[in-house]
Amino acid sequence: MSKKIGIADTMFARVDMFKIAKKALDDSMEPGIKLERYTVPGVKDLPLACKKLLEEQNCNICMALGMPGDKPIDKTCAHEASQGLIQTQIQTNKHIIEVFIHLDEGSNEKELKEIVKNRTYDHTMNAIALLKSKNKLQKFAGKGIRQGKENVGEIK
Amino acid sequence: MSKKIGIADTMFARVDMFKIAKKALDDSMEPGIKLERYTVPGVKDLPLACKKLLEEQNCNICMALGMPGDKPIDKTCAHEASQGLIQTQIQTNKHIIEVFIHLDEGSNEKELKEIVKNRTYDHTMNAIALLKSKNKLQKFAGKGIRQGKENVGEIK
Amino acid sequence: MSKKIGIADTMFARVDMFKIAKKALDDSMEPGIKLERYTVPGVKDLPLACKKLLEEQNCNICMALGMPGDKPIDKTCAHEASQGLIQTQIQTNKHIIEVFIHLDEGSNEKELKEIVKNRTYDHTMNAIALLKSKNKLQKFAGKGIRQGKENVGEIK
Amino acid sequence: MSKKIGIADTMFARVDMFKIAKKALDDSMEPGIKLERYTVPGVKDLPLACKKLLEEQNCNICMALGMPGDKPIDKTCAHEASQGLIQTQIQTNKHIIEVFIHLDEGSNEKELKEIVKNRTYDHTMNAIALLKSKNKLQKFAGKGIRQGKENVGEIK
Amino acid sequence: MSKKIGIADTMFARVDMFKIAKKALDDSMEPGIKLERYTVPGVKDLPLACKKLLEEQNCNICMALGMPGDKPIDKTCAHEASQGLIQTQIQTNKHIIEVFIHLDEGSNEKELKEIVKNRTYDHTMNAIALLKSKNKLQKFAGKGIRQGKENVGEIK
């Protein structure tokens, strides 16, 4: 039976993050996984979008893609969204991989876009792994992995 | 069958935000959408007002309109209200579009009122779009859209 | 059928806020509204007191009366209480009007007591209005009303 | 029928707070009240310990005894614990009296221990009062009572 | 009947914390306790991993192992994860022992690894104790125990 990854994205973001997730899925060459998309205005709308993808569209897992702003109010919004995403997971018993890139993470637009690309790509691969089994990511445990930035590695 | 947008607004706000939402709906020329209004003292009363609009008045979507003050305690109130609005969405499986304009967002009353007008108007259009389908806003995804202020645009 | 307003108050507060709420109800000359009181140690005990008033004492609406202290830990307590009050509303589908006066809101005890009196009195009137209908406060929407302090008014 | 007060305490605390609660109960000379104890590592484990005492051990009320540390991370832990304690009350419809003494509340160990003793003792008396009726603490309402420190009193 | 401890760990951590928990269990020489492992990307994914371990894998208790980063955003992530872990406990009525070591807790990598080892080891022993009975840790109550660092001790 085919599986579905729900992708919730926003108008507020400054990069088409869905396209990156789609490329990652294509590159993974996993047969039988479909994407279901839901677009909302901003990150605070993501928890419900994910809930509806998981419950009404029968997605098996979700990705919440967003790019919160760089002002204090934006940090608060992102925090509220994150809390809602965790609550949604607890209520649905399904994973939502949060892929947030804050607009102040890069020192310029090019760097920012690179982080967006890498983090979204890597987390799509994580979502695919979690779809398969709870032990699929086990070989990476404790390795200091950083999606979207250089890994810091394991302490020897 | 006609649809209903619930509008919860406050006595604390300094602009009649409902009137703006109503104008946006009129301008949209969407037939068969009605507004149901609920007025409460302040933003912390909005989560329940929205819950009652969604559950007892059978609204299909809600807008929570508010203008939090500019002091630290007001920021905390707005944060609590936002958390409650997200929880309400998770419990009802319906969207609540939060339209908050903080009293310190504009440098004077005229500018503030302009932001209130634009953000409320734009988000009413978003609510109408979300009423129709989860993909109605898809064409704006990742475009750096800012309701009430100038868009920052997509990173090329 | 008569209606009941639940009043939860605290030992921590420095003014008998219940007495003010009772006076407001008397002044309103509304027949058929009764008060049901519940006293707890501090503001963090108010969410449950309100829940019990709403569910076990069949109150139709509640007021949570408290006077949080002026230290950082007190601000945190008030924040936790507020979050709990909102959660309680979402679970019971009934309003809880929060009437908190922070001990540092007035520059002296006389001023503080004045704020307590006005805010408690005004919010009791709001509670009575909400008991009647969701549109009873509509004429005050967007008017910049401040319970306990001078109104800031509508932006023209 | 006899009643039960659940007492949840921690290994992290630096004083045997249970012993103080037990002395208060003995001093109260209330017949027919039993204590049920549950010891956990730290304050973040208290919400569940209380939930289990209330639901699995049929306690009628709980006390959550803890002594959070003095570093920022400890303040965050205490905040999370407090939020969980309020959520637990809302879910069980029973009171949990939180008795937290922060390690930086006293200027030395002797003072700190004194606060621990007084606050735990006083709140045990409050718990006994709440067990009896919702109006048992009414005579102290608005009196500026401070458990563990000097009362600030009512504003005349 | 044998019991199961669920262990949720992350790719973000810089030490294989699962291995330490396993060694502690081996050292305890407790027969009839099995470990069930679940690996996720970061700490914000731990609440759901634990919920699934407790509900779908029938674990009796869980440990949430993580090493949050040292930046403000990492502190926020850890806070959100902690809130989710407490909510999960309240919903499942089972303990989740949170074992978080912040990357700035040690002044160098060696010291950090030592804290990770000790805290994970000690909390595994706590989890085993909580599996047995609610009074198993009672003898350590109020003793100022610090997992991963030197105990501060009881105030005499």
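Going by the order they are written in, the chains are A, B, C, D and E; count residues from 1 in each one.
Just so it is clear, a residue touches a chain if its C-beta (ideal position, glycine included) is under 8 Å from a C-beta of that chain, and two chains touch if they have at least 3 such contacts.
Because the structure is a prediction, the values reported are computed rather than measured.
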Exercise for review: Chains touching chain B and chain E alike, please list them.
Suggested key: A
Exercise for review: With one step meaning two chains touch, work out the least steps from chain A to chain D.
Suggested key: 2
Check your understanding: To lay chain C over its twin chain D by CA atoms, how big a turn is needed, in degrees to the nearest 5?
Key -> 70
Point to revise | chain A and chain E: spacing of chain centres that average the CA atoms, whole Å | key: 25
**Study point:** Centre distance in Å when chain A and chain C are each reduced to the mean of their C-alpha atoms
**Key:** 41
Point to revise | Where chain B touches two or more other chains, by residue | key: 83, 87
Check your understanding: Line, ring, star, complete or other: which one describes how these chains touch?
Key -> ring
Practice item. Could you please specify the touching residues of chain C with respect to chain B in the complex? Key: 75, 79, 82-83, 85-87, 89-90, 93-98, 102, 123, 126, 130, 134-138, 140-147, 152-155
**Study point:** Interface residues, chain B side, partner chain C - complex
**Key:** 9-19, 37-41, 44-45, 47-49, 51-52, 55-56, 73, 76-77, 80-81, 83-84, 87-88, 91, 109, 112-113
